[in-house]
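Once you've had a glance at the structure underneath, I'll fire off some questions.
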Amino acid sequence: MLHFDSDYMEGAHPAIMERLMDTNMEQTSGYGTDEYCDSAKKKIKRACNAPEAEVFFLMGGTQTNRVAIDGILRVYEGVLAAECGHISVHESGAIEAGGHKVLTLPHEKGKLKAKTVEDYLEQFYQDANWPHMVIPGMLYVTHPTEYGAIYTKAELEGLHEVCQKYNIPMYIDGARLGYGLAAENTDVTLSDIAECCEAFYIGGTKVGALFGEALVFTKPKLVSHFFTTIKQHGGLLAKGRLLGLQFDTLFSDDLYIKISRNAIEKALELKAGLKEKGYELFFESPTNQQFLIMENKKIEELKEKVSFGFWEVYDEKHTVVRIATGWATESTDIRALLKLL
Amino acid sequence: MLHFDSDYMEGAHPAIMERLMDTNMEQTSGYGTDEYCDSAKKKIKRACNAPEAEVFFLMGGTQTNRVAIDGILRVYEGVLAAECGHISVHESGAIEAGGHKVLTLPHEKGKLKAKTVEDYLEQFYQDANWPHMVIPGMLYVTHPTEYGAIYTKAELEGLHEVCQKYNIPMYIDGARLGYGLAAENTDVTLSDIAECCEAFYIGGTKVGALFGEALVFTKPKLVSHFFTTIKQHGGLLAKGRLLGLQFDTLFSDDLYIKISRNAIEKALELKAGLKEKGYELFFESPTNQQFLIMENKKIEELKEKVSFGFWEVYDEKHTVVRIATGWATESTDIRALLKLL
Amino acid sequence: MLHFDSDYMEGAHPAIMERLMDTNMEQTSGYGTDEYCDSAKKKIKRACNAPEAEVFFLMGGTQTNRVAIDGILRVYEGVLAAECGHISVHESGAIEAGGHKVLTLPHEKGKLKAKTVEDYLEQFYQDANWPHMVIPGMLYVTHPTEYGAIYTKAELEGLHEVCQKYNIPMYIDGARLGYGLAAENTDVTLSDIAECCEAFYIGGTKVGALFGEALVFTKPKLVSHFFTTIKQHGGLLAKGRLLGLQFDTLFSDDLYIKISRNAIEKALELKAGLKEKGYELFFESPTNQQFLIMENKKIEELKEKVSFGFWEVYDEKHTVVRIATGWATESTDIRALLKLL
Amino acid sequence: MLHFDSDYMEGAHPAIMERLMDTNMEQTSGYGTDEYCDSAKKKIKRACNAPEAEVFFLMGGTQTNRVAIDGILRVYEGVLAAECGHISVHESGAIEAGGHKVLTLPHEKGKLKAKTVEDYLEQFYQDANWPHMVIPGMLYVTHPTEYGAIYTKAELEGLHEVCQKYNIPMYIDGARLGYGLAAENTDVTLSDIAECCEAFYIGGTKVGALFGEALVFTKPKLVSHFFTTIKQHGGLLAKGRLLGLQFDTLFSDDLYIKISRNAIEKALELKAGLKEKGYELFFESPTNQQFLIMENKKIEELKEKVSFGFWEVYDEKHTVVRIATGWATESTDIRALLKLL
């Protein structure tokens, strides 16, 4: 059985496991106050070219989104996001549970246009009834998006300009950030990300860590007492060093980018093979998630031999399926998959 | 200056004011435990033909929606509503502030189709990811809708059947319920309303009261400790009798329906006059809110002489405007308005 | 049957009722944007000697406390209050429902000492674990207290100094503020109140209004988008003018103080009579709530003839009862009561 | 430098690390739907002698408490707990952030008496104002307590009887449950725990796991849609098998109890040594947390050589300090410590 369901099916990159083993019996202080966390934070700030940034480690994506958004927004504010945004659809209402509405916008493969955001904000304040509505308090963007699409640097800057014009912070959900930074033909670097938003997170769970996300506030003073906010949300890991050790490893010798690149290379191998076999791609995804249009008959036929994601109904006889490569995917896996398709 | 902005511009019906004056120096116990509240509740239950119902008085529509929905839903649940639903758009995120997502559905002039709701629920539970999503825990319907449209009895029953099939309560926001019950050609009575939902409220604020809404739970045990839930939300009026007195008056001698009928009659007079003058109606509203398509030039011309609501842009040169009649509108007002149009 | 249960058993002062009658059929814009609200706000700011203040009208005490505290605090903060504080005991957990802990302090008859507050804050930040605890974000004080006790001007200033030292706002719950300002021997004026806190409210419900409280933010910019916050909490009255009219009346010709004084005078008559009859007061209350120690036998004997509040068990044979006078109490009521005691 | 600050300073028990290494490159489905989780749940239910129980894995103690309590309580309810209860003091207001008040009770070394709880509940419903107060909706108990004290079986049964009488669930926070079950002279077994409450959790973080707690609902149907509730709170681990693997290991060959016993043995060695040296214990703790009264001078002297917790001020010259042993403590550590004391 082959598995291409997602990029979080294995444990962690071997270098991380080795590090956890080596340090296992060390005694450190708790809650992220240890030296491994310090070291990891320094490396991340350097990689982001953001010496003033503040870095916090959390355990998963939904948790990071909820805690960050609850920390940033005031009681009367909501968060702008694409209709398909993870916070809007697949987090069981975590943002609303924190008291905030997700204000949804139309998108293309998960990407928002600066104009869409600007029009919303402009029309919002033109509506005489706006004080009876939820005040848009921040912008949530995913990079790569839920569809694996990526923004260009100019597009991110365009969104950020709109945010600055309306004085709201921009937040980037980077659950798969590595795969975006390693994508073919991208012109977006990690320091570009840090420069064009007020907060973002570097996904570990889907990019080689056992678990963990590094939340970066790029400018000081956006939030205060954030340690307490994390604790209150049940997001503070007692043995915080586990997060520090993982990110310290990922941000040594460019490991984060190197393993992300592997996923992209494997996706390219897959894409080439698919085209050769005459498969139609749902769209040209530049990252590790590939979407193809498959006959339902074929899906039925494959189901004992390979697992992948069902994305959406395409037409009566076809379904869009998602094949995810990852940091751990090998060329032999791709060849075995292509043989079956 | 003529005012047709809304149906809550005056104070209360004179019969209510008289009653408040007559009883002003009486001493009663607080928080709705007085005999006027008791009497009003009895009259409402009788008018609803729902002897088992429980009635609570609240102060306004947004408050009633928030408290009712918070009382009904569990932490993991959201509320289904039309995209234009008042709870979704014009309550400043009150429902989300209570922790619940508003799950929006397409509509026609604010009306939901049973099929729309059923399809949503069916597809929801077919999606393998549903446990990662907000569980639809109740249905919110407005009657009349935000556009002044009304359901037929069969349509309400159809919606209720879907709710029963999925075991979720149906809740009707009756901010303007009187105007729906008094609408021409409606086949929906108050006891029909009570029969085809688990909870609804009878709007007072927009139908002749100073303020106040009567929330009716049609079957026992849907919620418990609701008094405490109201108090917690800041919705408990110390001098609760003010609400009891108003609803007792409205439900004596059919006053609630009688004054609602006045608004409908005035709307019909208006509609006849508008058609005569060649105005195009945005749609055929059967209730007290009339929407017409007006040239922007004309709007500009009128603005010193008459006020009404701007609903939405129609095209470059036209706007949809709302003219609301109410329990207090007189034929002379309509004639004066028509003279200006 | 005589009633001394509370100070909100009657309707409103006749001057208010008259005003509501006179203006009943006027048409005004909604949500507090009318001229009566404007006028009332101006009069209140003048009476407070606080031209920069912002005034908002709400419908009741619990609502005002919840909305104000939710508007002021951040997600990681709690509110300091006396253990017997209304928000801590008798609001059904409204503050916690908004996400904030009430951090309770020992008190004397509801009064907090500056030293108690200062010690708490000092020790809080000395505890190495403070980031794992709720950050004290504001101070809640009642004047008069739940026991009818009042602060001196120096005491309020002392509390405010501590708050300023720790940079947290001070908020005064003035549900019965009038009775505090009219108390014998008080040296606290309304402008003193406004000067020594960042927010407070002037209670209407218990001091002559049908309902309503005037929330005053004494300095600009403590909260933003507060109109939206009120709406979200279900605290925005559609016919907002009802609140404006009531407070405009109360703040014309010193009516608020005059009717408060009546309650104090009646309380003094009561107190004199009680002492004459040999009753022991629970403590020397300077305001309209009088607490006396009564034999349970006597309570039993009176229960068909007079109603009042049961405060707490004193000993096996005695109970502390509360007798509340109010703006509407007359000397004949007091004499009738004394005859029975 | 010796460290006795807490029982979560090291990583995980070597058997767990080995297991994580061995399975690292396996691919499993996410969110706890894998076979390791299944296996662990079966073992836990067997160990609890509770075949009908439902088990959920979460990442930390505060998270588990918050999600469990939010899942159990209704909007109008609060949770009864000791004044020193972890949820009341050291979780940054997590319970209140979920909307629920912590109703605190007096205690002895963290232990509640059945009578204390019963008196509270009885008096609560005798107070005529109870509907204006927070309804006590569940009981929170820690075993061992924050002070390391433990209940007897009879005491737990007594508390449970009161809960049953008032129809509220009893929940046991077992952050250090292993150390309670392994305590000298305890008569409480794991199946006793399961029998005398509706929900409890088996702490992993402090008893040999890298992280993780196993939440057990002892009877079916206490909560529904709990998976969704966990996700909403950001408590769902993508690679859920990490939790399954750890608990599967801890519940194989009695490892959980064996390593807990080690901590108790080391605590006994410490206690014996302390007594020999004339130290006064703050109280006779039967578990892995030992509290002694130490001269401040001595604390100062030791601070470069050993770290431990400062519990509370004892008198001007003395402080209560906490020394925690754990699953990883060795006799050589104890001897080294005793040499310094």
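To keep things simple, chains are lettered A, B, C and D as they appear, and every chain counts its residues starting from 1.
The rule we apply is simple: a contact is a pair of C-beta atoms (placed from the backbone, for glycine too) under 8 Å apart; a residue touches a chain by one contact, two chains touch by 3 or more.
Because the structure is predicted, anything quoted here is derived from the model rather than measured.
S.K.: Between B-D and A-D, which chain pair shares more contacting C-beta pairs?
M.R.: Most C-beta pairs in contact, of the two: A-D.
S.K.: Centre-to-centre on C-alpha atoms, which chain is most distant from subunit C?
M.R.: A
S.K.: Determine the centre-to-centre distance between subunit C and subunit D, using the mean Cα coordinates as centres, and give it in whole Å.
M.R.: Taking the mean C-alpha position of each chain, the two centres sit 42 Å apart.
S.K.: Find the geometric centre of each of subunit B and subunit D from their Cα atoms only, then give the gap between the two centres in Å, rounded to an integer.
M.R.: Here subunit B and subunit D have centroids separated by 49 Å.
S.K.: Just curious, how far off is subunit D from subunit A if you go by their C-alpha centres, in Å?
M.R.: 34
S.K.: Of all the residues in subunit D, which ones touch at least 2 other chains?
M.R.: 75-76, 91-93, 97, 99, 131-134, 228-229, 231-232, in rising order.
S.K.: In their shared complex, at which residues does subunit D touch subunit C?
M.R.: 75-76, 78, 89-93, 96-102, 128-129, 131-134, 310
S.K.: What residues on subunit B touch subunit D, complex-wise?
M.R.: Going by the criterion above, the answer is residues 31, 70-71, 74-77, 98-99, 131-135, 224-225, 227-229, 231-232.
S.K.: Within their complex, state which residues of subunit D touch subunit A.
M.R.: On the subunit D side, the touching residues are 3, 5-6, 8-12, 14, 17, 20-21, 23-30, 59-67, 91-94, 97, 205-206, 210-211, 228-229, 231-239, 242, 328.
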